[in-house]
Amino acid sequence: MTKLEEKVFRDPVYGYVHVYDQLIWDLIQTKEVQRLRRIKQLGGTYMVFHTAEHSRFSHSLGVYEMARKIIRALMHRGTILSEDERLLVLSAALLHDLGHGPFSHSFESVFSVRHELFTERIIMENTEVNRVLEAYQKGFATKVRDVINKTYPNPLIISIISSQLDADRLDYLLRDAYFTGAPYGEIDVERILRTMRVVNNKIVYKVSGMHAIEDYLMSRYQMYWQVYLHSTGRSFDLVIQNMLRRVRELIFSGYEFKRPLGALKDLFLEEDPSVETYLKFDDSTISYYASLFTDEEDEILRDFADRFINRRLLKEVHYTPNDETNEKLKQVKEYMIELGINPDYYLLTDHSVKTPYDYYGHKTNCLPDCIELLMRDGSIQEISEVSTIIKGIIAVKPKQEHKVYFPLDLIRLSPDGEAKQRILELLHENVQ
Amino acid sequence: MTKLEEKVFRDPVYGYVHVYDQLIWDLIQTKEVQRLRRIKQLGGTYMVFHTAEHSRFSHSLGVYEMARKIIRALMHRGTILSEDERLLVLSAALLHDLGHGPFSHSFESVFSVRHELFTERIIMENTEVNRVLEAYQKGFATKVRDVINKTYPNPLIISIISSQLDADRLDYLLRDAYFTGAPYGEIDVERILRTMRVVNNKIVYKVSGMHAIEDYLMSRYQMYWQVYLHSTGRSFDLVIQNMLRRVRELIFSGYEFKRPLGALKDLFLEEDPSVETYLKFDDSTISYYASLFTDEEDEILRDFADRFINRRLLKEVHYTPNDETNEKLKQVKEYMIELGINPDYYLLTDHSVKTPYDYYGHKTNCLPDCIELLMRDGSIQEISEVSTIIKGIIAVKPKQEHKVYFPLDLIRLSPDGEAKQRILELLHENVQ
Amino acid sequence: MTKLEEKVFRDPVYGYVHVYDQLIWDLIQTKEVQRLRRIKQLGGTYMVFHTAEHSRFSHSLGVYEMARKIIRALMHRGTILSEDERLLVLSAALLHDLGHGPFSHSFESVFSVRHELFTERIIMENTEVNRVLEAYQKGFATKVRDVINKTYPNPLIISIISSQLDADRLDYLLRDAYFTGAPYGEIDVERILRTMRVVNNKIVYKVSGMHAIEDYLMSRYQMYWQVYLHSTGRSFDLVIQNMLRRVRELIFSGYEFKRPLGALKDLFLEEDPSVETYLKFDDSTISYYASLFTDEEDEILRDFADRFINRRLLKEVHYTPNDETNEKLKQVKEYMIELGINPDYYLLTDHSVKTPYDYYGHKTNCLPDCIELLMRDGSIQEISEVSTIIKGIIAVKPKQEHKVYFPLDLIRLSPDGEAKQRILELLHENVQ
Amino acid sequence: MTKLEEKVFRDPVYGYVHVYDQLIWDLIQTKEVQRLRRIKQLGGTYMVFHTAEHSRFSHSLGVYEMARKIIRALMHRGTILSEDERLLVLSAALLHDLGHGPFSHSFESVFSVRHELFTERIIMENTEVNRVLEAYQKGFATKVRDVINKTYPNPLIISIISSQLDADRLDYLLRDAYFTGAPYGEIDVERILRTMRVVNNKIVYKVSGMHAIEDYLMSRYQMYWQVYLHSTGRSFDLVIQNMLRRVRELIFSGYEFKRPLGALKDLFLEEDPSVETYLKFDDSTISYYASLFTDEEDEILRDFADRFINRRLLKEVHYTPNDETNEKLKQVKEYMIELGINPDYYLLTDHSVKTPYDYYGHKTNCLPDCIELLMRDGSIQEISEVSTIIKGIIAVKPKQEHKVYFPLDLIRLSPDGEAKQRILELLHENVQ
């Protein structure tokens, strides 16, 4: 493959992203990769962390760069990768998020699509990305897909992209911490890279890097609770979901929209949406539709569109699910109906759970679910057998949160009376 | 005015943005301020610095926070500001960019609107922002407008927002450096704040802060050349301008668009666009239109829409304007016409000029165009009389660049022949 | 007390250290505080982390600054401290390490002095510090001592300086991380300060700050294992101890030193060393003596002096103490004696143990040993009852390390033979 | 030469310092290099910037690491260096400061030694460093010396260590900024390295790196005025000089010291001090002597020793040298004598001057005094012909400062009367 004179992208997380291969350069220029500039990495999180406005494009470049660093670290210490496999990892790193839609999880839950499937289809069907991959080597697209799908025969290749400590996670923790300003994402990447070794075609870590890994797992845990699972971001996601759910319901009920729905209608009506249709969706599409919907007749659609555009979020209260709270929620539901507030859209429960390290100890085949250490005596041990920190953490029940979201603003605007008063009482304790 | 329990926004530039006043909190929630979330601070710069995806919303919060710091520093050292004037400065800081359209400079040049005018109108006309200001105090909107327009009677109040060293510039240099990753934006803000004094109702700086100011001026200069005037960002701006210019030309020539143009048509046709129409425009609007235009019949519109969406930029060469180069450009123009490439859209000259410090020495009234130092003996001196660095810099002709932009891709795709060959030769030297 | 025009010290950890009180300014100028400039904060750690060369003086300023921030945060949220108590905390923060000798722990273990005792004596006896405190207010020295000794009646005052999350620990974690370059010391101080509340005259933390505290405890844990307990630093400490132990032994055995020992002899011979004698010792004293001792007749003293000056450290191996390893160590000892290497100085065992959080759950009186959270419902809970992370960590046995240190260089230089060979074999496994 | 398994030193400026060569590893372990741990990089600057406590050892490792990066950048772009020349540069980088004494400039001015000479002698005479170099290759010590002395035949090799933009300056600016906390030392090193090219065996910079170089020159300028030439640091240097000058004067006048002077006497009395004597001096030696001198009979010696130990500095006033001020100084001198204060030690004038870029335009042979750019057309131009910033700066007279230092404390303690009053008046204006 043609080598390129080194090209760089200035990147605040790494200083520079370096590109040395024509294949990578060409992939970056494709319209499918460029589209990721128009999709925020963290969906609605910028409604809490106002600077979390970075795109999946910058994350994709970042995963590529991190994969490049991992490969360099491994090759520097004797691992042999063929030129093809090197480019395979780099391509898979760059392309692994190609199928994400706007505000991913919300979008997927409404349209019943999976971004993993679209990543695969974009790589394999009639796209610029597919043409660039196949021009490099007949059948290369299939290989890239297999790496991303974790079906590629060489587990080492897969694990650089998908494992407990892969290029994807390393980049997003560093990047999301940088762009949110959350102070938990500092990771000693250089130490992790320096202690990586390949044993039996798997990546393991010298025990001298154990503390850096403990620290990484804690950072990840903190980022989950501080950023990814933040109530306000979840609230905004629910707003988007409700807006899109309402559009679907209206389409199927024959509602007449003021303006043509275009690609949005196609996406709801096509049995199996085409890649072409799918790729039309990005954050600006959703945003543009939302701005149109603020004029619609339907009250629920209009309300959620307005919430989207003008950041009028739902409020939440924490609760512990049990008979008593379930009874309370049932009552709230009934009072809402009395007030003409549809609880199907306006009373939403949510459950979050997260451990710092997901492994629970099946020794026989722990890839990709565990992290293994190379001990001083040459043996390999799963990290929780060595680290008292990790052992302690997996010994207790993971942290959970249950919340219920509701429209405090609408309830306050409702006519005074028992229903209103009771709802406020029932949701009382934690509403400020 | 009601005081608020302190609220904070996590912000990577300052740690936190702090809000203590109900008025500020309410302004932040208005739809006109929230709209700034959908407008990138640096327009097309993210096409060069891929992480420059931050919004005018985060900049606006940042200017507010910086103004808060300046006020605190001044009041801490004895300056007296009334509660009204304090809120006036903070409101003006938060709202000063309210009238920006998407991809500001391109947008303005095509629509002949000025964002300053729309900032004023949004503050004064029938908007949520206006209602919040007037609810605080009858006539407060007018005062805020006057501060932003620099017609408010107290020059001290104005200078916090608009001067060589104001909250706006301090925030954007810090913020743009952070989000681009350009290493030139570090500014010793704490020292600058510590050496601020008010003399005769003007802000001056103790001479012990002079080096921090020299450093700030150099950072600003570097950011201009490295970021704001970067060829690729300019190229992307020209793409947007050409797309919008072409829409206008097509509207006025009666061209029939495939889909209704909606608000975009209004904006071109209304004599004096309403605030309501104007506020409909943000980056997602332009982006959505561009995606529609990639299907249009008109070749030029389609081409520029595609360039916008898929980052196919124009190339540039540096040149020195003189008889010889003008003659060459004239020839290029003619050859382009031969190849069927409209030079009015495809051969564009551009001129950049920047000094680190714009002042040229009129002593009588140097506000807001100069920076003054408070000397050890109590006298006031304009900085270039004291700083050898600044004196040196204003003594030489400012740096300039002349460039011409053209579509290397289209020319390469043209049929071989003399015209093509001559164009490539004429633009030869600097085209890689 | 006279207020000062604000004075600042540039400090890379905080930007600036701010001083507003004449009392604090005067304390900083005293010779006893200035002496701390000549004592490294981390003793021999700079032999591993070569940039850990910062002094107890900069740490003392840092603890002062952190205490100032804590007080400001508490007062900003309604806690009332009298002017005297405010200055009491600040003085105690600045002076809490006054009694440290050079290479503290080594020094103390040889001379059987405790730095806490000398801190107390320096505050109370005839010193500049004492005079400045008493000039501020008759009896103030006693109060400052009581705060440092934790016998002052108000527990809130004490806890700012001495608790699981005090100004001392916050500063040293931040500072030691900065100066070693260890990437584990980032702490979200602003969040911790923002969530501090005073309830029943104790500091508690709003539950919304819990993750920041978890992160702090993990940072502390990492700093212990990565920095404070690092084998090489320990090795250097043992070198210093051995050098000083040898001096003592030689003094008492009537050995004649080439040069007069001066203050060092006084320190060994005085029943109860005076403050004046004690204060003569700083890092340069030890360093100077060591350089003299490199000329001494006594082989052991000369060797350890040379090790000190030229960084010839002892090597270590990890071991698990049990009958087998104890037997092995006994054998090594005997072989060493055979080789003429005194095992009393050259075979040294060492044991480290550390948990991230020391509390084991005695509810009745958990100050200063636990961290308490203020829950949303107003109740107070000890953090390990709420945090799954902390709960997990205290559930497992704390991490421990056993090591034995020995002079690999001397052994290698010994005449070949069984003794040498057996020692190398017995210590074999982990010696590279 | 034996390659080593990579060894690293944690370094906060670079993350890690990497060592791959046995030669370098062995040099680092020598006693002459280890001695640099006991000499502060910035002499008395820590009396102003209290955290500027880093040593020449960490700087030396840093210059080594920076040289390694430069070589890697050059070799990556096609420059060919033999293995010997690579190690030559690295050794010279590591050893270039070997001859520094404690508080360098003060020490040198009193003893009339030059550190450059001692660097040469330590490399060439009977030292561990010399033995390691010669063991690598017969005659290698001479080559290393020649590189450091700039007499080595290959100018490329020299320029990596000694030029306007060499490894030495790059490291000290980065490092001194890090450890002082001065916010001016940020340099875009990666860009500078990326744009380095070798043309005609000289290092030049692609014009696209020009702004990074402008920024570097400005940082250097700022560091000079903010840090290196800071009045307080200078004042402390003068204290050291005076203490040592007084010792010399007392030795030669036959004064009897309370304790034996040891090596210090040798240094004054030896015609040509031996390397062995010289190497005994480090910061702790001076510090230890100073603490002894605080007991001496001689009043001037005792005073300056006390100033050294307890940071009682001289005060300074700015002045402009002219007939009037010279007359004033003459009068101050006379009044001082009246008060019994020896002006030879207590009235000291000082002059600082600095430009950001020292070149004044001699085209014929500008190495190592100028920075050259590789233009787009392949030509080479000196930077001030291209950069308007640099051109401006060298067009004006460089910034200068004249100061006079004096003991405000002694004068205040003098008996009241005309002499005292007049001195205070004459030095009045700028004394606070």
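The chains carry the letters A, B, C and D, assigned in the order they are written, with residues numbered from 1 in each.
The criterion applied here is as follows: a residue touches a chain if its C-beta (ideal position, glycine included) is under 8 Å from a C-beta of that chain, and two chains touch if they have at least 3 such contacts.
As the structure is a prediction and not an experimental result, all values here were calculated from the model.
S.K.: Based on the averaged CA atom positions, which chain is farthest from chain C?
M.R.: B
S.K.: Count the C-beta pairs in contact for A-D and for B-D, then report the pair with the higher count.
M.R.: If we tally the C-beta pairs in contact for A-D and B-D, the bigger total goes to B-D.
S.K.: Find the geometric centre of each of chain A and chain B from their Cα atoms only, then give the gap between the two centres in Å, rounded to an integer.
M.R.: Here chain A and chain B have centroids separated by 32 Å.
S.K.: Provide the C-alpha centroid distance between chain A and chain D, rounded to the nearest whole angstrom.
M.R.: Their C-alpha centroids are separated by 52 Å.
S.K.: Hey, how far is the Cα centre of chain B from the one of chain D, in Å?
M.R.: Centres of chain B and chain D (C-alpha means) sit 43 Å apart.
S.K.: When you check chain C against every other chain, which residues touch at least two of them?
M.R.: Those would be 15.
S.K.: Considering the complex alone, what residue numbers of chain A touch chain C?
M.R.: 183-184, 186-188, 191, 211, 214-215, 218, 221-222, 225-226, 318, 356, 376-377, 388-389, 391-399, 429-430
S.K.: Report the residues of chain B in contact with chain C in the complex, numbered from low to high.
M.R.: The touching residues are 8, 15-16, 190, 194.
S.K.: Give the list of chain D residues in touch with chain C in this complex.
M.R.: Where chain D meets chain C, its residues are 9-13, 15, 29, 31, 34, 37-38, 46, 49-51, 53-55, 57-58, 61, 178-182, 259-260, 262, 280, 282-285, 287-288, 291, 309-311.
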